[in-house]
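Chain IDs A, B, C and D follow the sequence of writing; residue 1 opens each chain.
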Amino acid sequence: MLIELKEMVYEANMELPRRGLVTYTWGNVSGIDRERGLFVIKPSGVPYEELDPEMMVVMDLDGNQVGGRLRPSSDTPTHLELYRAFPEIGGIVHTHSTHATAWAQSGRAIPCYGTTHADYFYGEIPCARNLTPEETEAAYEKNTGKSIVEVFADRNPIHVPGVLCKNHGPFTWGKDAAEAVHNAVVLEEVAKMAWMTEMIGGRDCQTPQYMQDKHFMRKHGPNAYYGQK
Amino acid sequence: MLIELKEMVYEANMELPRRGLVTYTWGNVSGIDRERGLFVIKPSGVPYEELDPEMMVVMDLDGNQVGGRLRPSSDTPTHLELYRAFPEIGGIVHTHSTHATAWAQSGRAIPCYGTTHADYFYGEIPCARNLTPEETEAAYEKNTGKSIVEVFADRNPIHVPGVLCKNHGPFTWGKDAAEAVHNAVVLEEVAKMAWMTEMIGGRDCQTPQYMQDKHFMRKHGPNAYYGQK
Amino acid sequence: MLIELKEMVYEANMELPRRGLVTYTWGNVSGIDRERGLFVIKPSGVPYEELDPEMMVVMDLDGNQVGGRLRPSSDTPTHLELYRAFPEIGGIVHTHSTHATAWAQSGRAIPCYGTTHADYFYGEIPCARNLTPEETEAAYEKNTGKSIVEVFADRNPIHVPGVLCKNHGPFTWGKDAAEAVHNAVVLEEVAKMAWMTEMIGGRDCQTPQYMQDKHFMRKHGPNAYYGQK
Amino acid sequence: MLIELKEMVYEANMELPRRGLVTYTWGNVSGIDRERGLFVIKPSGVPYEELDPEMMVVMDLDGNQVGGRLRPSSDTPTHLELYRAFPEIGGIVHTHSTHATAWAQSGRAIPCYGTTHADYFYGEIPCARNLTPEETEAAYEKNTGKSIVEVFADRNPIHVPGVLCKNHGPFTWGKDAAEAVHNAVVLEEVAKMAWMTEMIGGRDCQTPQYMQDKHFMRKHGPNAYYGQK
């Protein structure tokens, strides 16, 4: 069942340590088969060097485990909420990558300080609020997902393929698991550059809006002209 | 004598340079056999690339060398104090890892700015005071151990498996030498993220207490649900 | 056609990921054959690991593609403007290297804080202005080139072989593609050191002018005495 | 002539890129044979990957080249001044290592913020003044050496085996070329930690003097007890 998707999600998970985005078992990637309504996710707490495609866990969109012998990532209810709220996305990544996590810890959205940011994220990369004590107690991981969805009430998750969770760390997504990892790498680099920028330039370095529009659209708009078509 | 423990402590020592926590001979790991009341520690000043398990030094809990031909790490009296004061711990690490040492040099405890921290350390990571001139002169390394123990008068060393020594560097511990090294790696990463956080967010970014409780307990509490049991 | 130049530009492009200057497909190198009035440039959006010399695109100085089956880098019109305005240069590099981009995002020129800088760049490394909305809309990449040329109205591009574009990133150049990459590596290192310098020394650390003269001239002046002639 | 010394100085030079202390050809190591009054130094501007022991240049203490076919490092007159002024030293290193250079660019001595520093450098690591225009013009590299010697009028170069030159970079030394490189590695790490310390702790973090004494003496004093004797 879902052999290809398990293989793809496995590969996407293994890309996290190769790209320096995770320490030990911190982080997880999932990918979804929208037709069947099933998603595949990393098992909880398994070191990357011991992972294989067969260990991937299969979940349905009601949160039931329907395949795999290991327990899924403890963040699975967050992935589930995002797949339910954002029907356009096909893969999700959670990491504690260093600079993105520092921004999450500071509780601030990452301002758009340059075209590296604008090429991938349209506008600031938002920071979701802390959960309340009740939300934390009741269903922490599920409510984390809901707090992310809140932030996208007036944003398009395809135009802003990632978010920070306050005092926690980043989530990114994409059309599939590989693109979600790609966006996690970009977010970490954008977070690093933004952090450096404030040290020398303060917080008043935003990219003019028309320049953000230009860069985002030349890669993602209907008349995009970056790349080989 | 203690062949397996020597092998384990050797492996834990070799993990320090692999994880980028030491330069040259800076740092040492020990592990204890509580039944026999003996601990094994790195010899002093030997480069990691020349180390082998047979070089490990065996000490008793009165501070007598009972095995090994080389002199033990000059920090051995600190390890000894910690093994005597904290009967729950089985391994100890000392490094001068860059970011943890910067916090130690600043003389500040590391505030809990996020869940990466809360997953491993319950509350701030404390900073032990400077020794007095008399304590420094009389028995520097032993008194370093005592100054650490002071800090844990009202803390559980299992819930806070590490400490900074002011103007010096970090010590971490765990149930065995391998876990102590794991905690040293985590401390360095947490120190790095906290350092970055203050640059963009100031010092007012603490994680709400109920969120710290949630994260620490989901990994370490009686109903922990992280990992494969 | 231009087999050797394609090989050289290919090699110069491959040096970017080896030197840690690019993530994914960010960045491009070109090189020119001044006799034929043709330049060779990386194709747009092709990952470095898939690149080969045959994929390089050939352009004339009117902006027509005259060789290669792939589309040229989207930054090609910027390269074209620079080749037309600076007849002394033979190669151009664009990257989003981390520290240089942070300076570009801050909108500040990099002050000459030391001899590492003075050995390669005479005086500050300037920062070109943002384009207007009209310039951005009409011919963004071409106008980026023009905004760089503006900055060199009173500077010698051979003495200052690079520039930052505000909210975007750096361009460097040299007598050929290889030297342009060399200068991109130096710029990134100089940007890193300058960033660090301001954290501990503020902005008042400029190198005395006579010392800048000495260092630049001992490597580049008529009586240069650095190296094996 | 001096085959063993050339081999040793070659090896010490090659350690610079392995330890990440140099970019391209920045940096050089020399070593001296005090009995013969000759020192061996890297040739100027030769990439490390092309270096071999036979390329090393031999100089006498009057500044005459007495062996080797290539031109010596442009910093040779600085090395010469140091060998003449400090008869106890046997090897010298110059680098532009990133963090040490940032301190040099800031024009500040590195305060002793911790025991990592105190284990190797007794007291602050001083910063030599800028040369005057006349000193720069007349004999730049020789006068750089003299400005370093000035700083050691009231310091022991064995107790403080390194210095920063304002707006330039660090020099370190030791009993031979290998130890000089060792001290260059330590200086870079100490400079990095001190830089980080000021970001979170300000400038008021000095290590108490009695603690500096203790650490320096336990490694270097007559009753040193670090290492295997």
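Quick note on the criterion: a contact is a pair of C-beta atoms (placed from the backbone, for glycine too) under 8 Å apart; a residue touches a chain by one contact, two chains touch by 3 or more.
Here the structure is a predicted model, which means the values were calculated and not measured.
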Chain of greatest Cα-centre distance to subunit A: D
Whole-Å gap between the CA centroids of subunit A and subunit D: 46
Rounded Å distance between subunit C and subunit D, as computed from the means of their C-alpha atoms: 33
Interface hub residues of subunit C, defined as touching at least two other chains: 199
Chain contact topology (line, ring, star, complete or other): ring
Set of all touching chain pairs, with the criterion as stated earlier: A-B, A-C, B-D, C-D
Complex interface listing, subunit D residues touching subunit C: 23-26, 43-46, 70-71, 74, 96, 98-99, 101-108, 130-131, 133, 136-137, 140, 167-169, 195, 198-199
Interface residues, subunit D side, partner subunit B - complex: 113-116, 182, 185-186, 189, 192-194, 196-197, 199-202, 205, 207-208, 210-211, 214, 218, 225-229
